[in-house]
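Following are the structures in question.
Here come two complexes built around chain A, the first alongside chain B, the second alongside chain C.
Let's look at the complex of A and B:
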C-alpha cells in the first residue's frame, strides 16, 4: 500500500511553478523526418499535459504516481519500451514520437494523437533534456528488418516450432493467452507486477499493430520489462516465421495468417478449440 | 685487518640487497582476513524448481537460496572485498569474466570483474534463460539465451553492484560487482580473502554483501607487510 505523500505533492507544486523558468539551461532538438522539435516549446506542453504523472523532474514521480500502475516512465533513467534500436540503447526520436501518438495499451498512458505532429516532436525534444545519456550516447543503430517473405503454411508451422523452442509459452502461455507458468511471477524494473501480452485479447500490443512492429518487439525486447531481446539468437527469416505464427494466436483479429491457418485441418481444430465460449457455470458451449 | 673488515661489510651489504631482490614484491603489502557474521541469519529456503523439470532433475535434494551463504565458524561466503579508495583505477584485463547458468542457478552467484572487462555469459542448461541485469548507472538490457546458443559478450563502463535475474525462472538471482581496480576478492567457503600486491599507501577496504550492505575500514600499508582485517556483519533473521 502506498500512502499519499502530501509533502511530495507540495514540493512538486512549488517546483512545477519554478522549473519552467529554471530549466532553461539545457536545449535539445528532435528530428523526425522533416520535422524538427525544440525543447523550449516542448517544455510548455510538458508542464501542461505530462508532468502530472511523469513529474517536474521527469523521474516518473508526479503527483498522480501513487495511483498509476505500471508506474509512469522515468525519463531520467532513459529506459524505453518501444524502440527500433537494440536492447540497452537509446531509442530513435521517431520511436518516442510514435509512442506519444500511440499511447500504451493496458496502462494509464493515453494516445496523444490529438496533439499536432509539431507538438509531439517538441515534446520528444524536451523529454531528452532529463537524462544526461542523450548528451553522452547516440541512439543505437536500428535493427535491420528484411522484407517480409511470402506467407506460407510452412512459415506458420516453423513459427509454431520456434514458439516452443524459444519457450515463448513460459510467459505467454501455450495458447498465447498470457498465462504461462512464469506469468504470475513477472515484475518490471520497478519491481511492480506486470502481465505478459495476451495474444487472444482484441487489444493491439503495446508497441504497435503491424507485422513489422511485432518483428521489432521480440528482436529489440521491451526494455524495463521481462521481455528480452532475441536479436542475437533468432535469424531474420526465422523471425518472420514467428511473426506469422503469432498472428494466428490472435484468433479474434482477422488476418491473412489466421485465414491461411484455419484453412488447414490442424489450424482449424486449434482455432475452433480456442473459440469455445465459457458459460458462467463453466460448461463449454461451441459456437 | 681493516681491509678484511671492509670486505666483510661489503659482503653483508650485498647479501642484504640480494635478500631484498629475492622478495617478489619489494614494496607490495597484503591485506587479508575473514568475513563473519554475528546473530542469526535467515534460513535459506529450498528452491522449488518443479516448473522447470530439466533443472529440477539435476538435484538429488533441492538447492537452497543463495542470498546469504554461511559456513562453519560463522563465516560469510559471496562477500566482495575490494579497495574502494586509495588505489588508482586499473585498465581492464584481457581475460573475460565468465558467468554460467547451470541447473537454473548462476555460477558464481556473485561475479566480480572490472570496468570495461569482457563479461561472458554462458547457458549450459537445456532451457531458455533470459539474462536481465538491473543496473542503475549502467545501461539496462535484457537478452534471451536459448539452449545451445553462443555465449553473450557484454561489458559495463561504470562501477556498480548490479542484481541479475532471469524472468522466466523467478528463483534465479545473482550479482555482478563491477569494480574500478584489480584489487578485489570474493569470499569462498572459508570466508577468507587476500588482496596482495598493494603498494605502500592508505587504503579503504570495503566488504559488500548483497543483503547486509557494505562496511569499510581504513588500512595503511607501509611495506611488504601483511595486515589482517576482519569484517563482522550483523545478520538479519528475516
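Let's look at the complex of A and C:
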C-alpha cells in the first residue's frame, strides 16, 4: 500500500473538482412553476448522472455514445424533440423538466423521477449553459390547445381519414407499426437511421402518454427527426380527431377510444385482424 | 450464515472457546458482509456511470434505489435481455487486496497462570485480500429479475449469499413485486452496501447483536442477524417515484442457512419508509422495521442422543425493531438509527438443544437492549467520500440480575475514506482507507473485562 502515490491522488482530486467547471462556465437559471433551478447545482448533478452519455461538453459524445442508439442529445445544438413550442424553436423549461421526469421510452435515456424536483430544475438550468442559443433566443410561444371535444365515432373516423390524407402511414404504416414504405429510409439529424414510432408497441411515446401529449407531438413535430410538424395543415378541431384515431392504433393499451372503436363492427374487425392469434411469449415488447 | 464459526481468520485471534460466540461474530462477519452490491454489469448494460446509481459505490443513490426496487429495470423498455448484445453476460466480481492491522487488547494466551489462563495484547499486520463476490444479476425477461451471488471467504470457500428470482410490477403495479429465494432483507441501511470493510467496522453491530447470558457465556441456541441474507418470500411495493416503500417477508427461521437445519418455524420481517424533499437540501427518508422471529429450544427426535436436523421444536420468540432516518444537507448526510431487541428467556438460556424441553434457570429474564447508530458521510463529489460511524448497544435487561448491568454493551467507532480515481460505465475502482475500534463490556476471554479490538486497513477495492 505504500506505493500509492498520494501526490497523484491529490492532483486527481483537484482535477475532478475542476473538470466540471471547464464546461458551461456561464450561469443559467430555469423556472418551472415556483421552482428556480440553478446551473451551479445542476453542474454537480450532471457530472454525477449525465456526462457518460451526453458528454462532458454536452455535445452528446459521452464515452458511452458509441454504444447508444439513438445518440444522446447534443445540448450544444439545442434541438429538442419534446416541446410545447412550435417546430424550430427552443422548448420551455417545463418541457425539459417533464422530459427528465419521464425519460425516453425505447432509448437509453432513463427516467429521472427518483431525483427531486429541485434536482431536475437545476439540471435543466445547467443543460442550457451548453448552447449560445439560450442566450440569443427565447423559447417559442407554446401552442394553443383547445379543450378536448367529446369522443364520438365520427371523430375517430375523421381521424382515420386524416391519417390517410396527411400520409402519416407512409412512415408509420397503415397499421401504425412504424413500418410504412418510407420507414427504412429515414435518418435523423445525426445521420442515424430512425424508426417511426410503433403505435402497437406501447402507449408511452417519447413525449408523453396523454391525449394532450399526442396532440402536441404532431402539432410541434419531433425536431431533429423526419417527424414533421403538422401545425400548418391541420386545424385544431381536426387535430383532436386525429388524436382519437391514433389511440385506436395502440391496440395493446386499453383506452376509451379503443373501446368505442371495437364497439363498431368495422373497428372490431380491424383490431381483431391485427392481433396475433397464437400464444406468444417474447421477452420484450408486446407484438 | 454457513461461514459463521469456520474461523476464517483463525490464528489471528486465538481466543478461548468460552467466548467464541461474540468474537467469532466479529471475525466472521467480515466475510458475510463483504458481499456488497455494486454492479458494473448494470453499468455496462445501460451505459451509465457507477455514480448514477451509487452516491459512492456500493452505497445507493435514490436513483439506484429506484432501479433496484423496479427489479433492476430502468423502465424504458430496454430492460429485457433481448435488447442486449447476445454476448452480454450479467456478471460482476469484486475483491479487495489490502494491507491491514488487527489488534485486540485481551487475547487468551498461555502464561504463568497455566494453559490458556492469561490474556495479552495481540497485534498482527500484513498484506492480505478479501473474499470474492461473484454477482450475477439482472432480468430474465421484462419484469422478471434475478440475483445469484456465490461468495467466498479469502480461502476460496464458497457459499451462496443470494439466490432469488423476482416477479416485478405484477399486473402493471409497482406495488406488487414478489421475491423468492435467499435475499437481503429490505434494509434501508444496507449492510451489503456498507462503505467500510474492516473486521471491526465492516458490519453494523446493531444488525447482529445477541446478548450475553452471563459473564463468559454467549447465547448459543440460535444465531441471527438482520444483516444476514435470509431465505423466504418477500412482497415489496413502492410508489412510482420510490418515495414510499413497504415490504413484508416470510422467512425460514434459520438465518439463511441451507438445508433446513433447525426447525420448521417461520419469521416475519416488515419495513416501511417515506421520503420527502426538503427544499434544496435533498431527499430525506424516514422509516421503521420489525423482525419477529422464533427459534427452537429442543429436538422432537434424536438419534443416538443427537438431534435430527430439521426437527427442532419448542419455538421461542425473538424480536428486533428499528427506526431509521436518512438526512441530507446537500453534500453532507447522516443516517440515524434507533434499535430495540428482545429475546425470550428460555431461548436465551438454552445453551444446547437436547431431546427434552429446557427449563430456564430460576431468575432468568428475557434480555432486552437498545441500540443507536449514527453514520455520516461527506460526499465532496462522486469521486471522494468521507465516512464516520458511531454505534452503541446498551443492555436494558440482563438475563440474570447477578450480571453486571453493562455486560455485553458495545461501542464502535469507524472512520473511512474512499477515493475513486476514475468513474466509468465498465468497472469500479476505489482506494480505501479505514480505521475502526470497538469495545465490548465484560467480553474478554479470561478476566471477563472489557475487550477492545481495532482494525486499520488500506486497500484497493475493485470490481468489473
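Criterion: the second predicted complex is superposed on the first by the 252 of 287 C-alpha atoms of A that agree within 3 Å, B and C clash if a C-alpha of one lies under 4 Å from a C-alpha of the other, contacts with A are read in each partner's own complex, and residues count from 1 in each chain.
Here is the rule we go by: a contact is a pair of C-beta atoms (placed from the backbone, for glycine too) under 8 Å apart; a residue touches a chain by one contact, two chains touch by 3 or more.
No experiment lies behind these values; they were computed from the predicted model shown.
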item: First, second, both or neither for A:107, with chain B first and chain C second; value: second
item: Partner chain(s) touched by A:118 [first = chain B, second = chain C, both, neither]; value: second
item: Touched partner set for A:228, first chain B, second chain C, both or neither; value: first
item: Partner touching more residues of chain A, whether chain B or chain C; value: C
item: Which of chain B and chain C A:185 touches, first, second, both or neither; value: first
item: Residues on chain A lying within both footprints (that of chain B and that of chain C); value: none
item: Touching residues (chain side chain A, partner chain B) in the complex; value: 77, 79, 86-89, 165-167, 170-171, 181-182, 185-186, 189, 221, 223-230, 232-233
item: Chain C contact footprint on chain A (complex, rising order); value: 1, 4, 9, 12-13, 16-17, 41, 44, 47-49, 51-53, 63-64, 67-68, 103-118, 201-202, 204, 282-285
item: Chain A contact footprint on chain C (complex, rising order); value: 46-49, 51-52, 61-63, 65-67, 74-78, 80-83, 98-99, 140-142, 240-242, 277, 279-280, 282-283, 380-384, 419, 421, 424-425, 431, 458-459
item: Residue numbers on chain B that touch chain A, as the complex places them; value: 51, 127-128, 130-132, 134, 136, 139-146, 149, 152, 167-170
